[in-house]
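One chain, subunit A, appears in both complexes that follow, with subunit B as partner in the first and subunit C in the second.
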Partner chain A sequence: MKRKILVNVVGVLLAFLLGAVVMLVQGYNPLETYYRLFEYSLAPGKIAYTLSKSVPLVLTGMSASVAFASGPINLGQPGQLLMGALLATIGGLYIDLPPLLMIPFLLILAMLGGALWSGVAALLKYWFNMSEFITTLMLNMIADFFTYWAINYPFFEANANHPQTPFIAKSGWMPEWGNFNSSVIVMVLAFGVIWFIVNRSTAGYEWRLSGQNSLFSRLGGVNISKNYLVVMLLTGALAGLAGGLVVMAGPHRFIKDIGGNYAWDGVMIAMVANSGIILTLVFGFFFSVLQTGSLGMELITAVPKELIQVLQAVIVLIVVAGRGYFETFFAKLEARRKMRERIA
Partner chain B sequence: MNIIIGLINGMITSATPILLAALGGSLTYYAGIFNIAMEGMMLGGAFFGMLGSYYFHSWPMGILFAILGAILMALIFILFAVVLKMDEFITGIGLNLFSVGATTYMLRQIFKVKGAFSSPEIVPIPKIDIPWIKDIPVVGEIISGQNLIVYLTLLATIVVSYLVFKTRFGLRLRAAGYNRTSLDTSGVSANRIRVWSLILCGVLCGLAGSFLSLGYVTLFSEGMSAGRGWISLAAVILVSGNPTGIALISLLFGFTDGLGLFMQRSLPSQFTSMVPYVATLIALFVYSVRLKKKQTI
Partner chain C sequence: MADIIEMDRIVKIFPPSLVALDAVSVKFAKGEIHAIVGENGAGKSTLMKILYGMQPADSGEMVYNGKKVKFSDPGEAILAGIGMVHQEIMLIPQYTVWENVVLGYEPVKFGGRLDVKKARELVKQKIDEFGFNLNADAKVEDISVAARQKVEILKLLFRNVSVLIMDEPTSVLTPQEIPQLFGELKRLRDNGHTILFISHHLEEVLELSDRITVLRKGKKVGTIKTAEATKAGLAQMMVGREVIFDSIRKNQTAGAVLFQTTALNYTDPDKRPRLIDVNIQVRAGEIVGVAGVEGNGQLELVNLIMGLIEPTSGSIKAVGEDITRKPILEKRKRVAFVPQDRANMGASISANIAENVIMTHHRLDQRFTRWAGRILDFKQAASFTDEVRRKFDIQMSSGEAVFKSLSGGNQQKVILGRELLLEAPFILLDQPTRGLDVGSIEYVHQRIIDMRAQKRGILMISADLEELFRLTDRIVVMHKGRVVADLVTEKTNVTEVGYLMLEGAAYEA
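Moving on, here comes the complex of A and B:
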C-alpha cells in the first residue's frame, strides 16, 4: 500500500520536474509558476470551486475505471457525456417540476442519455461481435455532430449569435452556495454507490474477475455477456450523468463544445489510477486542481494554461510506466534477497 | 461528368491521409504492436509540417519537419512501450492526448493564437501536372494534377507491400508479430524490428500530417486529425494489415467522405460530416458478419 502511494507521488513529482525543465528552457520561473498554480486552486476560498470543477472529471474517470477494470474497452465517454447533456437539456426545456423532483428527473434523463449511447455499442458487440473499442470511438464523432445539429436546428435559441439552446427551467439548476456547487453531492453519492457495487457486491466481484481473466470467470459460472451489457450501460450512465451535471451546474444550457476535454481527461485519470475507484477520485481532484490553477498561473506568470494539458499526459505516461518499472524493480530486490537467504 | 470527376478527386483527397497512416499501422500490425497512436503521430506531423514550411518558406522543409515531428512522437511511443514495456494501449492513448496538448501549447506559445493558425507564408505542397497525360480528357483530370503527396502515397502503397512480403526485413517483421520468441532465438532482435516498424510508421504518419496542413489548405488547427487516425486503425483491423486491402478500404472511406460533401445539398452538414464514421461502423459490421459465417462453416 505504502509502495503504491510512493510510486504515484514519485511519478507526479518526476512529471513536474520535466514541466519545470520545459519552463526553464522558455525563460519562466518554475517555482513561482507552480506556487501560483496551487495557490489559485487550493486557497481556502477557492477549494470549493476546484471541488465543483472536479465533478465531470471524477464521473467520467469512474466510468472509464469501471469499464477497464471489468473488461470492456469503453472509450465512448465523450459521446456518452454529450448525449447525457443533450437529453438533460431537452428535459429541462420542456418540463418544469418543483426542484426536488426536477433535479433527480433531469439526472435520470442524463444517465439514460449516456446509457443509450453506450447501449448502442454494447448491442453491436452483443449481436454482431463488433469490438466496442472502435465502435465507441466512432460513436463519439457521431454524437459530436449529432448534438451540434440538435443545437443548430431543433433546439436552437433564436437571436443567439452562436449555436446554443435556451436556458433550461430554473428548477433544474443545481443549487449553489458560494463557490460550492451541489453537483459535488451527486458526485459523492455516485462514488459511494460505485465503490459499494465494485468492492462489496457479487456483481462487482464478477466484473473484476472477468476483467482479470474472462475465461476463468466464465468457467466459474459467470454470465459474461450479461455482465458486459450491464457494465457498458452503467459506465455510459456515469458519463451521461457527468454531462447532465455540466449543463445543470454550469451554463444551464447546451452550448457548443460543452463537453470540453472532460471525458478524455477522465480516460487519462482512469489509466493513471490503474482503474481503482478511490485513486480515480484522488486523481480526478488532482487534475481539477491543475486545471483550475492553470487559469491563475496564466494570469500571473503568463505561462499559457495549455501547458497543463501536456503536463497531464506526461503524468499519465510517467506514473504508469513507473508503476510497471518499480514493480519489476521490487520483484528483483525480493528475488535477490531470497537468493541470499538460500545461500546462507 | 464534372460531378463524377469531382467525386473521384474528392475520394482521392480524403483517402490519402487515411491510407498513409493505415500503411504505417500495417507495418506495426505485422510487427505485433497494438499501435493506436497514428492519430497523435499524424497531428504532430501536421503541426511540425506547418512549422517547417512557415519558417523556411519551402514545402520540402515542411515535409521534412512533418516527418521529423511524427518520428519524435514515434520515439516517445518506443521509449514507453518498447523500452519501458508499458501497456501499448495506455501508451497510445497517452501519446494521442500528449500530442493534442503539445501542439495546442506550441500553437499558443509560438504563434500566440488559439484554435487555428493560417498565414500566406506557409508554402503548400504543389500539385503535379504530368505532361501529355494532363491533356487527355477526363482521365487526365484525375491522373494528372494531383498533390505530390497523392503520388507519394501510391508509391508508398507499392513499397510497403513489397517491403512486407518480398524482403528479408518484411519476413522478420512478420515473424516479430507471429512468434517473437522464435525470432529472438534465431538471432534477430524482435525489439529492434519493432522499433524500426514504429519509426517507419512515424514517417508515413508524418507524410499524412503534412498533407493535412500543407495539402489543400495551408493552416494548422487544434486536433485537425479529427479521428482519421482511428479510421485508419479500423482499416488496418478490417483487412488484417494487408496493404492492398488497406488501399481499397481507404478509397472506400474517401468515397463516402466525398459523397457526404455531395449530399450537403439536401442534408444539414452535420449529418453529412458523420458519413465516414458511419461508414466505418458499417464496414466493421460487414467484417464481423463475414467472420461469424466463416466460423460457423
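Moving on, here comes the complex of A and C:
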C-alpha cells in the first residue's frame, strides 16, 4: 500500500521535474510558474471551482476504471457523455418540474442516454460478436455528428449564430453556492455507490475476478455475458451522468463541443489510476487542479497553458511505466539484501 | 574418472527473495550418466540452465575441461561442447529430420549455398554412428514424440557436443518408449559422452545413472553412487522424510452410479471428431482414472463436463440429473473441479487468496452473502479462508495475500480446498498433482482417498500411471477420442495400460 502511494507520488514529482526542465530550456522560471499554477487552483475560494471542474473528469474516469477492471474495454466515454448530455438537455427543454424532482429526473435521463449508447455496443457484441474496443470507438464518431445535427436542426435555438439549443428549464440547473457547484455532491454520491458496488457487492466481486481471469470465473459459475452487459450499461450511465452534469452545471444548454476533452482525459485518468476507484478520484481531482491552474499560470506568467497537457501526458507515462519498473526495482533490492546476508 | 565439469558454490537468487541455489558445488565426471534429482523447486533445472548459459549465476565458479568458464548464452555453451535437450521439443514440424538437424550449422557450397547432398549424408552418417532408429528424410510432423526427442539429441551430437543435459526427457514418453531412450543414452555414454539427466522419477534414475546428486530446496544433499542407492533412501534424501509408494486404497464397495456419460460425441469446429461414443460411469465411493497420452480427448472430455463446449450428441448425467446443457453454476452444485492449469482455470493469480477461495461458494452457499445474495460477507470469507488453511495445511501469511505469492503446492492446496469443501458429490480431477513436489503429491493423494471414503465419486485424469495405479479402482484408457478399455485396476498392470494408451488395441502377452 505504502509502496503504491510512493510510486504515484514519485511519478508525479518526476513529471514536474521534467516539466521544469522544459520551462528552463524555454527561459521561464519553473518555481514561479508552479507556484502560480497551484495558487490559482488551490487557494481558498478557488478550490471550490477546481472541485466543480473535476466532476466530468472523475465520472468518466470511473466509467473507464470500472470497465477496464471488469474486462470490457469500453472506450466510448466521449460518445456516451454526449448522448447523456443530449438526453438531459431534451428533457430540460420540454419538461418542467419542481427542482427537487427535476434534477433527479434529468440525471436519470442523462444516465439513460449514456447507457443507451454503451448498450448498442453491448448488443453488437451479443449479436455479432463485435469487439467493444472497436464499436465503442466508432460509436463515438456517430454520437459526435448525431448530437451536432441535433443542435443544428431539431433543437436549434432560433436566431442563434452558433450551433446550440435554448436554455433548459431553470428548475434543472444545478444549484451553485459561490464557486461551489452542487454537481460535486452528485459526483461524491456516485463515487460512494461505485466504490461500494465494486468492493462490497457480489456483482463487483465477480466483475473484478472476471476482469482478471474470465475463464476461471466462468468455470466458477459466474455468468460472464450477463456481467458484461451490466458493466457496459453501468459504465455508459456514468459517462452519461458526466454529460448531463456538464450541461446542468455549466452553460445550461447543449452547445457545440460541450464534451471538450473530458472523456479522453477520463480514460487517461483511469490508466494512471490503474483502474482503482479511489485513485481515479484522486487523479481526477489532481488533473482538474492542473487544468484550472493552467489558466492562472497563463494569465500571470508567460507560460502557455498547453504546457499542462504535456505535463499530464508525462505523468501518465511515468506513473504507468514506473509501476512496472518499481516492482522490479524493489524486488532486486530485496534480492541484493538477501545476497549480502548470505555472504556475511 | 577425471572430472569434466566442476561447479563451485553456485548461488542463484530469483528476486525478490527466492534462493533457488544456495552455494551448490558439484562435480561431473567424464563419461558418466549423472542424474540430478530433487522435488519441484529444488533447483535442478536452474543449476543446469546456469551450466548451459541460459541464466547467469549470482556467484560461484565453473571449471570445464580444466579451464574456468562462464557462458553468457547457450550458443557459447554448445560451441564449447555442452548441449541441453529441453522438456518441450523445439523443432520445425514442416522440415525433415535432416533439415532440422543441420539448421544453423549447415555445410555450405561455394557462394554460401546449402550443400543439400552433403548435409543429408552427414546426418545419415551420424544416425548410423549412434545407431538411432531414424529416417533422415521423414518430416518431423509425421514422426512420434520419441523420435522427435532423438532428433533433438542428434542435433546436439551433430554440433559435436560432448556433454548432454537432458531435462526430464521421459516426461513426454510412454512407458514403452523409455527403455529405448535409455539404451541410446547408455550407448552415448560408452562412446565417451557425459550425460546429465534431470528427473524426479526415482525408478528411472536408479535404472539409468552411474551417480546421483540430490538437491533439496536449493541445497545439495549429497552425491552418491547409484549402485549404493535405494529408492526409499533417495526419496528420503529428496524430501527429508520417508514417503510411501504403495497403493493406498482400502477395500470398499462402491455405491450407486453418481456420474455417467452416455454415447458422448464431440466434433470440433474444424469437423474433426475429438470424442467418439464415450461411455464412462463413476459410482459413489469409487475413483475412476482416465489414462491416455495427452491429446487423445481428455481435454475435450473435461471441457464438455464443465460446460465450456457443448457435445455434438450424447448426454452427461450427474447425481441423477442430466447436466449436459445446464448453465455452469447449475453443474457446479453437483460437480467439484480441480483443473490441471492452475493459473488459467483454477484461480485468478492476481486476486487475493480469500477472493480465490470463495469463488463458486459465493453463489451456492448463502452464508457468504447478505441482502438476498447481493452483498458479500467478507468476515465469512475470511473465516472460511482460515478454515481452508487449517484443513488443508496451507502455508500462507494471510488471506489478503495475493494468490501468486503462494508456492505451487500451496496454490494447489487452496484450489483443492475450495473444490472439496463445495461438498459436491462428484469430483472431477484433471492432473491434480502435475508440477507438484513429492510432499505435496502425497498430501493431495491422501485427500483424494479421504473423498473416496466419504463416498464421493471421483473421475481423475492423469498422465502419471504410477499415480493412477496408486489411487484408482478402475482405469479407462482413452485413445484417439475413444474409450478403448475399462479395466479394474487390481486386474491390470502398467504394461497393459501403457500398451493400450499407445496402440488403442488390446495387448497380447
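By definition in this document, the second predicted complex is superposed on the first by the 334 of 344 C-alpha atoms of A that agree within 3 Å, B and C clash if a C-alpha of one lies under 4 Å from a C-alpha of the other, contacts with A are read in each partner's own complex, and residues count from 1 in each chain.
Going forward, a residue touches a chain if its C-beta (ideal position, glycine included) is under 8 Å from a C-beta of that chain, and two chains touch if they have at least 3 such contacts.
Because the structure is predicted, anything quoted here is derived from the model rather than measured.
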Combined model on subunit A: subunit C and subunit B, fit or clash: fit
Touched partner set for A:Q309, first subunit B, second subunit C, both or neither: first
Subunit B versus subunit C as contact partner of A:I5, first or second or both or neither: neither
Partner chain in contact with A:A203 - subunit B first, subunit C second, else both or neither: second
Which of subunit B and subunit C A:A43 touches, first, second, both or neither: neither
Inter-chain angle, subunit B to subunit C through the CA centre of subunit A, in degrees rounded to a multiple of 10: 70
First (subunit B), second (subunit C), both or neither touched by A:N223: second
Contacts of A:F330 with subunit B and subunit C, given as first, second, both or neither: second
Least Cα gap, in Å, left between subunit B and subunit C after the two complexes are fitted on chain A: 5
Partner subunit A, residues of subunit B touching it in the complex: 76, 80, 84-87, 89-91, 93-95, 97-98, 100-102, 104-105, 108-109, 226-227, 230, 233-234, 237, 268, 270-271, 273-274, 277-278, 280-281, 284-285, 288-289, 291-292
Subunit C residues within the subunit A interface of the complex: 11, 13-17, 19, 22-23, 58-59, 306, 308, 327-329, 332, 337, 339, 344-351, 355, 359-360, 362-364, 369, 373-376, 378
Subunit B partner contacts - residues on subunit A that touch it in the complex: 26, 73, 75, 124, 128-131, 134-135, 137-142, 145-146, 148-149, 152-153, 264, 267-268, 271, 304, 306-307, 309-310, 312-314, 316-317, 320-321, 324-325
Subunit C partner contacts - residues on subunit A that touch it in the complex: 200-203, 205, 208-209, 212-213, 215-223, 328, 330-335, 338-339, 342-343
